[in-house]
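Letters A, B, C, D, E and F name the chains as they come in the text, with residue numbers starting at 1 for each one.
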Amino acid sequence: MSVPPLPNIMIEPLVRAALLEDLGRAGDITTDAIVPAEARANTALVARQPGVVAGLDLALLAFKLVDPSILASVKHPDGYRLSSGDVIATVTGPARGILSGERIALNFLCHLSGIATATAAIVEAVRGHRARVTCTRKTTPGLRAVQKYAVRVGGGANHRFGLDDAVLIKDNHIAVAGGIKPAVERARCAVGHLIKIEIEVDTLVQLEEALAVGVDAVLLDNMPPDELRRAVAMVGGRAVTEASGRITPATAPIIASTGVDLISIGWLTHSSTALDIGLDHLE
Amino acid sequence: MSVPPLPNIMIEPLVRAALLEDLGRAGDITTDAIVPAEARANTALVARQPGVVAGLDLALLAFKLVDPSILASVKHPDGYRLSSGDVIATVTGPARGILSGERIALNFLCHLSGIATATAAIVEAVRGHRARVTCTRKTTPGLRAVQKYAVRVGGGANHRFGLDDAVLIKDNHIAVAGGIKPAVERARCAVGHLIKIEIEVDTLVQLEEALAVGVDAVLLDNMPPDELRRAVAMVGGRAVTEASGRITPATAPIIASTGVDLISIGWLTHSSTALDIGLDHLE
Amino acid sequence: MSVPPLPNIMIEPLVRAALLEDLGRAGDITTDAIVPAEARANTALVARQPGVVAGLDLALLAFKLVDPSILASVKHPDGYRLSSGDVIATVTGPARGILSGERIALNFLCHLSGIATATAAIVEAVRGHRARVTCTRKTTPGLRAVQKYAVRVGGGANHRFGLDDAVLIKDNHIAVAGGIKPAVERARCAVGHLIKIEIEVDTLVQLEEALAVGVDAVLLDNMPPDELRRAVAMVGGRAVTEASGRITPATAPIIASTGVDLISIGWLTHSSTALDIGLDHLE
Amino acid sequence: MSVPPLPNIMIEPLVRAALLEDLGRAGDITTDAIVPAEARANTALVARQPGVVAGLDLALLAFKLVDPSILASVKHPDGYRLSSGDVIATVTGPARGILSGERIALNFLCHLSGIATATAAIVEAVRGHRARVTCTRKTTPGLRAVQKYAVRVGGGANHRFGLDDAVLIKDNHIAVAGGIKPAVERARCAVGHLIKIEIEVDTLVQLEEALAVGVDAVLLDNMPPDELRRAVAMVGGRAVTEASGRITPATAPIIASTGVDLISIGWLTHSSTALDIGLDHLE
Amino acid sequence: MSVPPLPNIMIEPLVRAALLEDLGRAGDITTDAIVPAEARANTALVARQPGVVAGLDLALLAFKLVDPSILASVKHPDGYRLSSGDVIATVTGPARGILSGERIALNFLCHLSGIATATAAIVEAVRGHRARVTCTRKTTPGLRAVQKYAVRVGGGANHRFGLDDAVLIKDNHIAVAGGIKPAVERARCAVGHLIKIEIEVDTLVQLEEALAVGVDAVLLDNMPPDELRRAVAMVGGRAVTEASGRITPATAPIIASTGVDLISIGWLTHSSTALDIGLDHLE
Amino acid sequence: MSVPPLPNIMIEPLVRAALLEDLGRAGDITTDAIVPAEARANTALVARQPGVVAGLDLALLAFKLVDPSILASVKHPDGYRLSSGDVIATVTGPARGILSGERIALNFLCHLSGIATATAAIVEAVRGHRARVTCTRKTTPGLRAVQKYAVRVGGGANHRFGLDDAVLIKDNHIAVAGGIKPAVERARCAVGHLIKIEIEVDTLVQLEEALAVGVDAVLLDNMPPDELRRAVAMVGGRAVTEASGRITPATAPIIASTGVDLISIGWLTHSSTALDIGLDHLE
């Protein structure tokens, strides 16, 4: 089953705000001055490089919100692996609306497809290993829901969506609590039965403490491959193992080969490159 | 004079929204469970790689909005060129608030510093040439004002902020209007006296037409250096010349050597890498 | 450790909206007409019946937002078990502001204290059993975060905060999936490593299927005590057991005596009675 | 004529906000994981206990906002007196949307029907007397317009909607003004010609003062039936008489028998029990 | 007692929105470019023509929201009758903030003072008569609360604040209802006890019908003075009498001499002239 | 080509907010009480005085947002020069919705048509001269985009839309900078290539300084006609010339006869009179 779309009610506020940010107080003064109201355009969203489509719903909604009479026809939905030159969708209707909505449509589509593409590359790099690829909370302010969606589209998994949906105990929490054991116990006591607890450990000694008290997952931070391998062995399936720390497409296969369950990568959302997609005017 | 800060009233809604996106419906359940209300923390925002600071106001506001009793002391304000290890600011106060606000503070700071750093690198690369570096409307939805601010902090200039503050005539506008001359004339007739007109040209023939009708600026799209040089000569100071089209730090000096006034680069805002900045807990 | 407060940034929008709903387009015309600007009032929030305080931060913020010069002094914070007549806090300052903010302050305080009080009653009723008391998603629209907070203040635990922070598979999901096994497997495959999976079962046969495929929790819906007891035995600690279905303070002890881990009760948030608290003017 | 519905523009923001509160940042992860996009559902909103329907527009809008292709057919509109088992409306369409919108639809419908049902019970209890039943400003923050609507649907009348649409002089206003006469005179002088003035009196002496200066209505607070009867006689039609103070369905007939025009009851909106309504899946 | 101010919580959203509308996406680029951060200014809001001040709170809040360190000192508060040259308030602090906030401060102050001044002129013109001057719902979208406040500051009274706080039966309502009597009866039956009923009548025959059924107020629309006088006599104190229909400062005294209770004038809010107030820089 | 309309996405928030401001918490209680749900109305927006239509989109949207089943047929779109009695549009559908939306529709239409009409009168007065008529930033808070649109509809041009889309150097900027030359140089250095620079000058000496340093436009403030004429001659086409300062329809032709390029008039937006337009019920 493909990744289910986010309901329209979740994405419309984002698209609406982006359009208003661009239209400002006078609207598209170039198009309004030059393009007659009756002019029509027949266009296509076209990939200029290979990658994975994500965010097509947001892009098409941008056109629709500028002018509801614009019609779109989807050729390759979110998740499709594009070759350069592939038509993702056609967009037809009043030229004014298409020209005015173009940049916002592309800003969403290129950004989210970039995330999906980067995710897919890592997923591909670790194919054959058990490791899944996951994102972090290092997202662009305001876009967390859609960036995490793009990670899913690229074949990745989602880590926490916020501070409130899982416990993730980090070094400073451990320091304040006076150790791993009291930190985990306080968390277990405080949270509801549907909240999982993960703890960040930097050493195998810490890992042992964490396993002794019992956690759902361990974040093995910045461990070299050998240490990761030993950590996975120590865990022995008693917790989900997550490797993190500056993992790149180049290092991901080695990390994955250690047998960890998860590889988490912040730059999927904070530093991935936009995918180059353009709007071509057809005859 | 350093780049003036954006007034607080413009950035507070962004920071507030980002915090609420992260706090969700239950707040920071990890910190609330583990860290006592009376615990205090003494921390510093520290550069983990060289770069240019931008967005410090947003980062510090994130802490303040979580807990107004948190105190910050700025060591290196926006625009400062950081070495790895530099302390940007210290942040002191209730540990809960600092831990809960940390990620959002860093998300803004790393993202905007990344843009400033990328901008500064290009600015540096073209030093000695007349060319200024400028961004585009290819920004992340919702963040245009602060991303463009980060470009200024990095030493770059700003292009249009939206569809409404300048005319930029592109190929499709020309096609619909039936030529460069009618397109420019329609625009000139429609807009107010404080609106400038720029036109995108792909060939020297088009450039000649644009200069004949008269425009404030010409966007020389995807021209090779030799053609750019000829274009600059043709213009002869009658319009601002802007080069665009997949310009990288590597190619920027060559482009700049053609004598263009401006080099515009979309990836400054849509694809730059976040600067690595962390929050260290001090003794 | 007492229940940590929600950060101000999470509750201020609610209080602000409630005040504007009450002030309308003309403000407090009674007070404005009758009470001079210089009149001062010395008042106290007083319990008129026994119960558990919750929402005091919201109540005091209501006064502060109407007039920042109003001073409050907390006598009994959230979680305190009030006797009738107890002073919860004193509120002193300009009479106009106190009179104009009174109703909204009380609307929050009485509502949330009512939820905390109802929760505490059930918690008390099942004391000595392992069962924790938990709420549901049957909350009043717009108030989920603060109602769930009130449940915590009353000694209860929180169930899901929304559709997105845990999987809860209900009968219709099972029907569509064609059985418990495929439903759980689809869910497990789709969600991240920090998401727990709970499933609703109506019979012991279903329970067996659920345990066979493996889940984090089972919701035992509308089972009589005997069946619950057998279910708990069958589970044998392999999953969290949750009893639900029209549980009242009267029936809660019997349910708890079956050994379930959790008792979930919708009416804590959708039908509990407001606690009677008033604002008394002191000499 | 039945109670006119609130225009869609007034209820849509509430329903939209409630859905977003529930969908969070990831949407309905259970349904998305398990239910195929093409699955359809044929469901009915069914009363599980007798009562009065209110809020059906909000419930159906919840489904529509999640998926506009969901179709609803109303069987028993707002105001209908339901028997247990009655189908209120059928809801048909994509199963995903119906399952994702179900809880919010029910949260509105059960809450508002509970208020209408409680109101109707009191109205029924005082049938044969002149007294109308009215609500207060003790409403749930954010829901005043719809709760007051539910009171109307239940056959009740509405008191003030806010601090700004009528004058209600209470004991503290009288104390500050130095008496009933100056308080009423100040109010009369300050407000426009379409604003009515009501005053709260605790004794027959105060009532005499109020009648002497002239008011539109008197709130007879916490008076026993005999005193109420004398008060009504004293007023002799010169003002609307309103009885208030912990009136219950049991005491309402006695209060009504005193001849008062209005019985105001805060718990209609702050403490009524949700009506049990469920969503049944039909064959 | 002077007109009580609107609470800050009611005006801040308006001022904030107006500032953001003006600051756009780049802020005050002129001031930022030219005025150093450390420059200070010492300025005064000065009347350039006689009139009545209104809206000073909004003006000063505009400065404060741009820069909280700006200090203001009020010389003549709302309601003061200014002579040309009068200093209304001094505003001192960072020059950048004062220059950036100036236009929005003046836009509110000049607009609202214009309404107060126009109102005061009519109030003065009818002095000696019983008639009060009142505004209508013909207000500028978004500004109803503050425009009605300005009318009060000018000595006028407020009519309805919206469609929901009083019944005003107009000709079309009468037509649909099939007469004055059924229209009034339907209204009386539908609304709560604190809602007044006014009806618009065009003829003395209609007036007689209205008085027969009983209403709180009659709007005597477009009647010439003689007819108004007869109307007032017919009413004989049984209802409030309101004259309306293109009343100007010139015609107001004649209308007032007919003995009506109220003169309502739409142009107070929709067409009054802004009062000329400027910001002078002092030595 | 007629003035292009503002896209719906830009005007809908304004109309929605205005309707909610009017509907308040109870909606249109008069219409709801008196007009049956099934009653229909056939109405027309009719000019009661000559003028220029502007804002028809907002007016019709007001009806549509109250009840989407209302149908409108435009007879004379924005920009049309109305005679008294002209039908602007017909509006047909459920009577309730039409009556409830009428005032907000008219508030927008009369206000914006008033601005367009005032603008057109000045434009007409200066016909035959080169001068264009332009507005200022003296707009009503919240309505800048639509007021500036109305100016365009009336044949005027737009000045700056905010503080951020052009540089306008005023006397205080010059004073702080220490002269015209440094002020202009700082601005030129700070802003992007698509930003124009205008400077306000009060004397011909200042004008000479401004021309020497070079600017895009000069605002000739409060100069008498003779001085304006000399200023225009001095400028000799090197900059756009704008005359400002209390220009009225009476003085505009004289000002225009001096040869200035622009006449800017603040009262077009802050003090123009609403155009009298009504909603007539047809047979």
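We take it that a residue touches a chain if its C-beta (ideal position, glycine included) is under 8 Å from a C-beta of that chain, and two chains touch if they have at least 3 such contacts.
All figures in this text were calculated on a predicted structure; none of them were measured in a lab.
Student: How many hops, at fewest, get you from subunit C to subunit E via touching chains?
Tutor: Tracing touching chains, the least step count from subunit C to subunit E comes to 1.
Student: Taking all residue numbers at the subunit B to subunit E contact, is the shared part over half or under half, that is, same or different?
Tutor: Shared-number fraction below one half, so different.
Student: Have a look at A-D, C-E or A-C and name the one that copies the B-F interface, over half of its contact pairs being the same.
Tutor: A-C
Student: Using CA atom averages as chain centres, what separation in Å is found between subunit C and subunit F?
Tutor: So the centre of subunit C lies 51 Å away from the centre of subunit F.
Student: Per the centroid of Cα atoms for each chain, what is the distance between subunit E and subunit F, given in Å?
Tutor: Between these chains, centre-to-centre, one finds 22 Å.
Student: Roughly how far is subunit D from subunit F, going centre to centre by Cα mean, in whole Å?
Tutor: Distance between chain centres, rounded to whole Å: 44 Å.
Student: Hey, what residues on subunit C touch two or more of the other chains?
Tutor: 1, 21, 23-27, 32-33, 36, 100, 144, 158, 161-162, 164-165, 168, 186, 191, 195
Student: How is the touch graph of the chains shaped: line, ring, star, complete or other?
Tutor: Per interface graph, the chains form a complete graph.
Student: Can you tell me which positions in subunit B touch subunit A when the two form their complex?
Tutor: 14-15, 17-18, 21-36, 39, 41, 95, 99-100, 103-104, 106-108, 110-111, 114, 137-144, 161-165, 167-170, 172-173, 175-177, 183, 186-187, 189-191, 195, 267, 270-274, 281
Student: Which bits of subunit D are touching subunit B when the two form their complex?
Tutor: Going by the criterion above, the answer is residues 21, 24-25.
Student: Within the complex, which stretch of subunit F touches subunit D?
Tutor: Those residues of subunit F that touch subunit D are 16, 19-20, 23-27, 32-33, 36-37, 65-68, 96-97, 100.
Student: Along subunit C, where are the residues that touch subunit A in the complex?
Tutor: For this pair, the touching residues of subunit C are 1, 132, 134, 157-161, 164-166, 168, 186, 191-196, 198, 216-217, 240, 242, 261-262.
Student: Help me check something: in the complex, which residues belonging to subunit C touch subunit B?
Tutor: 1, 4, 6-7, 9-10, 144-145, 148, 158, 161-162, 165
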